[in-house]
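Pasting the structures in now, so scroll down.
Below are two complexes that have subunit A in common, paired first with subunit B and then with subunit C.
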Partner chain A sequence: MDKNDKLAVSYRRRQTLITVLPFLALAGLFGALCAIVTAKGYRLDMYLKIVFNEGVVLAIVATGAVFIYTLGSFDISLGASTLFSATLGVLTYNATESLPLMLLVIFAVAVGCSLFSSVLASVFHIPVFVTTVAMMSVLSAVAAQLITTYGGALGGISIPSEVVKPLDKPLFKIIVLVVFSALCIFVFNYTKIGRRQKFLGGNPVCAQLTGISLNKYAIIAFVMAGLGVGIGAFLTLVYTPSVTTTTAGSIGMNIIVAIVFGGMPISGGARSRIYAALVGGFSYILLNNILMLLVDSNAGYGISQIISAVFFLVVVFVTGINYRTQILPR
Partner chain B sequence: MAKPILEMKGMCKRFGSTVALDKVDLTVYPGEIRGLIGENGSGKSTISSIAAGMQKADSGEMVFKGQRWNPASMVEALEQGFGMIVQEQGTVPGISIAENIFLGGISQFAHGPFIDRKKLMAAARQVLDRVGMDSVDPALPMGLLDMQDRKLVEIAKVIARAPDIFVVDETTTALSQIGREKIYELMREQKAADKSVLFISHDLDELLATCDTLTVLRDGKLGRSFTKDEFDPDLIRTSMIGRELQGDYYRSDTQATCRKEIALRAEHLTAGQAVQDVSLAVHKGEIVGVGGLSQCGMHDLGKILFGAIKPDAGSVTTGSGAAITSEAVAMKQGIGYVAKDRDVESLCLSASIQDNIAVAGMERYAVHDFLILGGRERKYVDQQIGELSIKCAGRDQQVSQLSGGNKQKVVFDKWIGRGSDVLILDCPTRGVDIGVKQAMYQLMVRLKGEGKSIVMISEEMPELIGMCDRLVVMKDGRVTKEFTRGPEMTDTEIIKYMI
Partner chain C sequence: MKNNVGKKLIGTLAIPVIVAAVLWGLCAANGRSMIANRTSFNYFVIYTAIVMITTMALSINLNSGRFDFSLGAMAVLASVLSSKITYSILGGGAGSAPLMLALNVVVGALIGLASGGLYVLLRIPPIITSLGVTLIYEGVSFTITGGKYVMTEVRSASLSAFAGNWYWPLSIIVVVLAVIVILFDHTKFGYDYKALQNGQKVAVNTGIREVPNALACYAICGALMGIVGFLNMSRSSNINGGSLSFGSIGIMFTAFLPMFIGGYIGRFSNEKLGFLLAAVCMSMLNSTFAVFSNQISASAQSIINAVLLVVFLIYLNNEGLLRKLLSPRKN
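Let's turn to the complex of A and B:
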């Protein structure tokens, strides 16, 4: 085996390890949750249902968001978009009693909000992060105003539970998750769109000089993220057919953590992966639930958030070490 | 003989399974300009960066000015009198030129918690004058400067500390002739002050002209050292690559040849002050050189021809009359562009060799111009890797791990693989070793023979003379002279129209 072969083998081993680690972490967290719930004498099926329902929404919204993160951009408004879409969906249903129309409004609003952010960024050359921070404030405020106007400050707004109850089945959610993930994986890995987006995220200057238009691919990325938000908003209503001002509030931040947990660099580029959102989304929800079970006190939520944050920093540090050691002087 | 200023003994360094340095000894004396030469990946930058505090050796001993030497950082090394101008970007774009020059030493301008900006700017002005940047305002943000000026600021940053030893790591490739002359002058000043220079370059001519001694590195091992009286270009080349160069270096024919059909035409191009009323026609099977000083507008011209800069006036069209209005249109029309700033403009360093080569050639292997199938893509990339014999661990290897020469081969593959009919090459041999240079030149001759057209923008006069059918000389954004390949295309004639 010559020097180049050895280098190739060691490089591939490292890459395989990086790929496998998030899956191992997911399996470990799943095992830990089962063990803890069983040890505490709680109902495992109930906990698995909670993890599944929360995980599906986060994984779907994060899967769409991977397209934005791949470009090296950052959208913090996705939680607010989910809330806003769900709010307008509920109001539409209550006004028309039409489920298809509600769905249409949810998707139109979700994609519209995303598109608006991307157009603002590309036409006025405002950094995407800035436009999404502004969007987050505006959408949260408008949604809160609508919810308090139509549902009162504490109650929120809702649709009759029987409208979406037939869809509140694991099989339906799995099908939705599989179909949307398959669409994203196809676009990301098997079309020119995904390849070009990864390249843009890695080096926008070089991508431009390779004939790749940042604006065009940013718009496509935001449309894909909008679709994820639309599905996430709908599944949120399927799970709990009401919307309050706190619905989906933490999704925007949770997506960042989920994507990193799934093994994708936060800077996007060539090492971006769709499965990172799926694996990371469920890992994050599992971790949250484990921490809630372990830190069983009034301060539980705060402490579990702190532990999650430390976990996040550790994962970013570890992935950073791997990246840094790969750079050799010439 | 005087005591050495720097002694490095048994230096070893590995990066994973790659041996970058294998028991290398290096000694530099006061008043000496020592050249360091070797192929890409031979360990030149590694050994100098260890001495300059950029990274640690795995083993070995260093003595600097009679003391054991193990600097914790480049800043510490510079404070102790060891300055290095790094090969790639060593400046911070978001702060001023003056702050870059005194980075790490800004406290000398402090009055309590405040910085005396007037004093800082005056000191920066003085240093900038020394490197020939007398017309540049030190208060300007670094990010506004082009590559050459950024490099000059790096030089200023090092000489501002009056180092005892001054490492120049492939810096001259980023500089025009005037910039190069400036740095040679600084080296001579250093020598005259009984201080030392470690000069790393791929340009044998400049090493022979400047250095007192020359050390050859090969595959991380110490090769032969030459004193001035032993300088023999052929012997040094052979010592570098471990074999004699086969075949011609530049083109062997002495006459301009091309086909009748025009491949690319530029008419009355004007873009700000950089390019002024430039017209140019490139024929099929022709290599057209564009030469001049770095600021003459030739680099902007390259970008205009590729549609990356929109001209204020004038047009670029293909032989069939299609207007080039953007990079995407240029690519559709079979035009490829190799940028001067390879790491920033031509490659995505965090991506693999496969990603970099494949991204430009999707039309060649995508099904229905949309669907990417792994097998077809891998086959395409492997073919390109084999075409230019890229030395790599495999198509999945990250481009940042490759040597400069192999990186440049990836860039060439990216454009040649997609079957570009017209190639705009901006400084195509910048920072590549002699063996890769020869391979590039032979490739250009082959492409010319296949009827492809090449626009070769270069700051290296020998390669322009050696390779071009026609040479367009630019000065202050305008074409001052056009030469046709032949006996009158000499450097003394050309330089008259450059300066």
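Let's turn to the complex of A and C:
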């Protein structure tokens, strides 16, 4: 075996390690949570339920968002969009007492907000990120105004818990997660939509020169993200049937962390993966819950966030080790 | 030549003059005054300083393709550390404000440098580094303060005197503007910065040292955000140490609109002067919101700011098309 072969083998090994690392991290974190909860004598089933309920919303919204991130864009307004959809959903139910209508409004609003962002960016040539910053401000402000008007800033607005209680079952949520993930995997991996989006993310100039329309695929990406937001908003209501001004507040930023945690580059392109959102979403929630268990004082929230951030940076550093450039990345 | 100077002058002053005319007119039509007394003028100047410096800090890295979410976290951490150190030395006595300001600049520069050091060391995209750094700095501030507001260490006669005299924040505006203009427009560091900004690969290949330049940019951003932290302290007499899970990034969003307005004004004069004039516009808007605070809620203010941002960007990105549509057709 000559030097080049050895280098190639070493590169392949590192690539394999990088691919499996997010899965290993997820398995390791799951094992650690089980071990810590058992050692502390707490109820494991209760903790697993908490992790699952928090993780499923983040994973679903992040899975939809993968389509946007694949294009090399990013959307910071998804958390605000989730809050806004849930708010209008609750108001609709309280006005009509119809669950199907509430669902319809949630999805229409979620997809509508996403579409509005993308159309604004495409038609008026505004940078997508700035559009989503503006959308975030508007949606949070309108939702906050509605919540304080109809329910008060602290108590928020709610629907009767018995309306969604029958759906607050792990099986229902697993089915929703599997169906949405399967749809996303199909669109992303087995249709030209996914292939072209990866091409656009990897090399937008070249992709557009071959006749691929950035606007068209950006709109599709935002619609997929909107679907994820709609499901996320609905599952948030299923878990907690009330909405306050802080509901889904950190989802927008956690999505970025989850996607990167799952091994996908923030710059999008050919290395984008749907599973990154699922793996990263659950890993991040597991890590946060583990740290909460380990450091359980008030100041411990700060320490657990520091450890979580360091862990995040280490994972990103290791998964990107094969893609170092001479010049500083931008 | 004369024509050119006139065009530049009109281009530079058009937006601030229009904004001032509209907002003063709006206040006057309702029998109110935008700046009714000396206290509101003091706040007007402090807010102008906060917006101008935040905009400069945001634009330094953003113009080079380095997105930095950690600006707000840096301001909070620098303020927490400097107020604690100052209180332990002076116990809130005379000279607290100047010492706090000096420490805010030094601590801010150091944490900015640490942030840049992490980026250079890890060589991962700056946006991701900044996510991690934001979480770390927020976590450190939360751990030091126990998640509570810092008040005892902040309140002092010295700081109240600073906030009560508009010429102090005005002096900060003048000094910061002069330093940034000299640094970025008249030094080798500034020329290297511009070369790296416009052609990173070529600049590096010609021998420009990218790493020290990037580190200096982060340190300058940190120092600027340290000043912003100090100004925020003087304005509200406390520091919110309880921001976690990216709660500190809001400060950054207030700088987007002035950054784009400043960039537009910069076409006719100097970008940094543009940031100052844009900050004055934002401050006038903020003062008008204060005048109509009974009629315009905080939510409505956020919506107005966001709509203004989008409308301005629509104009900025479709200027050519609009000019074409509005100009008379030639047969």
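Throughout what follows, the second predicted complex is superposed on the first by the 310 of 330 C-alpha atoms of A that agree within 3 Å, B and C clash if a C-alpha of one lies under 4 Å from a C-alpha of the other, contacts with A are read in each partner's own complex, and residues count from 1 in each chain.
FYI, a residue touches a chain if its C-beta (ideal position, glycine included) is under 8 Å from a C-beta of that chain, and two chains touch if they have at least 3 such contacts.
Owing to the predicted nature of the structure, the values given are computational and were not obtained by experimental measurement.
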For this session: Decide which partner touches more residues of subunit A, taking subunit B and subunit C as the two options.
Result: C
For this session: Check the residue A:Phe317 against both partner chains and state whether it touches subunit B (first), subunit C (second), both, or neither.
Result: second
Exercise. What is the contact status of A:Met253 with respect to subunit B (first) and subunit C (second): first, second, both, or neither?
Worked result: second
Exercise. After lining up the shared chain so the two structures overlap, which partner does A:Gly269 touch, if you call subunit B first and subunit C second: first, second, both or neither?
Worked result: first
Problem set entry | Partner chain(s) touched by A:Ala309 [first = subunit B, second = subunit C, both, neither] | second
Exercise. When the two structures are overlaid on chain A, which partner does A:Tyr190 contact: first (subunit B), second (subunit C), both, or neither?
Worked result: first
Problem set entry | Which of subunit B and subunit C A:Gly211 touches, first, second, both or neither | first
For this session: Have a look at where A:Ala141 lands relative to subunit B and subunit C in the superposition and call it first, second, both or neither.
Result: second
For this session: Take the contacts of subunit A with subunit B and those with subunit C, and give the residues found in both.
Result: 325-330
Exercise. Which bits of subunit A are touching subunit C when the two form their complex?
Worked result: 120, 124-127, 130-131, 133-138, 140-142, 144-145, 249-250, 253-254, 256-257, 260, 265-267, 298-299, 301-306, 308-310, 312-313, 316-317, 320, 324-330
Problem set entry | subunit A contact footprint on subunit B (complex, rising order) | 15-20, 40-41, 45-46, 49, 54-55, 87-88, 306, 308, 326-328, 330-332, 337, 339, 344-352, 355, 358-360, 362, 366, 369-373, 391-394, 396-398, 400-401, 403-404, 414
Seminar exercise, completed: subunit B partner, complex, touching residues on subunit A are 3-8, 10-12, 15, 189-192, 195-196, 198-199, 202-203, 205-213, 269-271, 323, 325-330
Problem set entry | Touch list for subunit C against partner subunit A, complex | 64-66, 69, 118-120, 122-129, 131-136, 138-144, 146-147, 200-201, 204, 210-211, 214, 244-246, 249, 253, 256, 297-300, 302-303, 305-307, 309-310, 313-314, 317-318
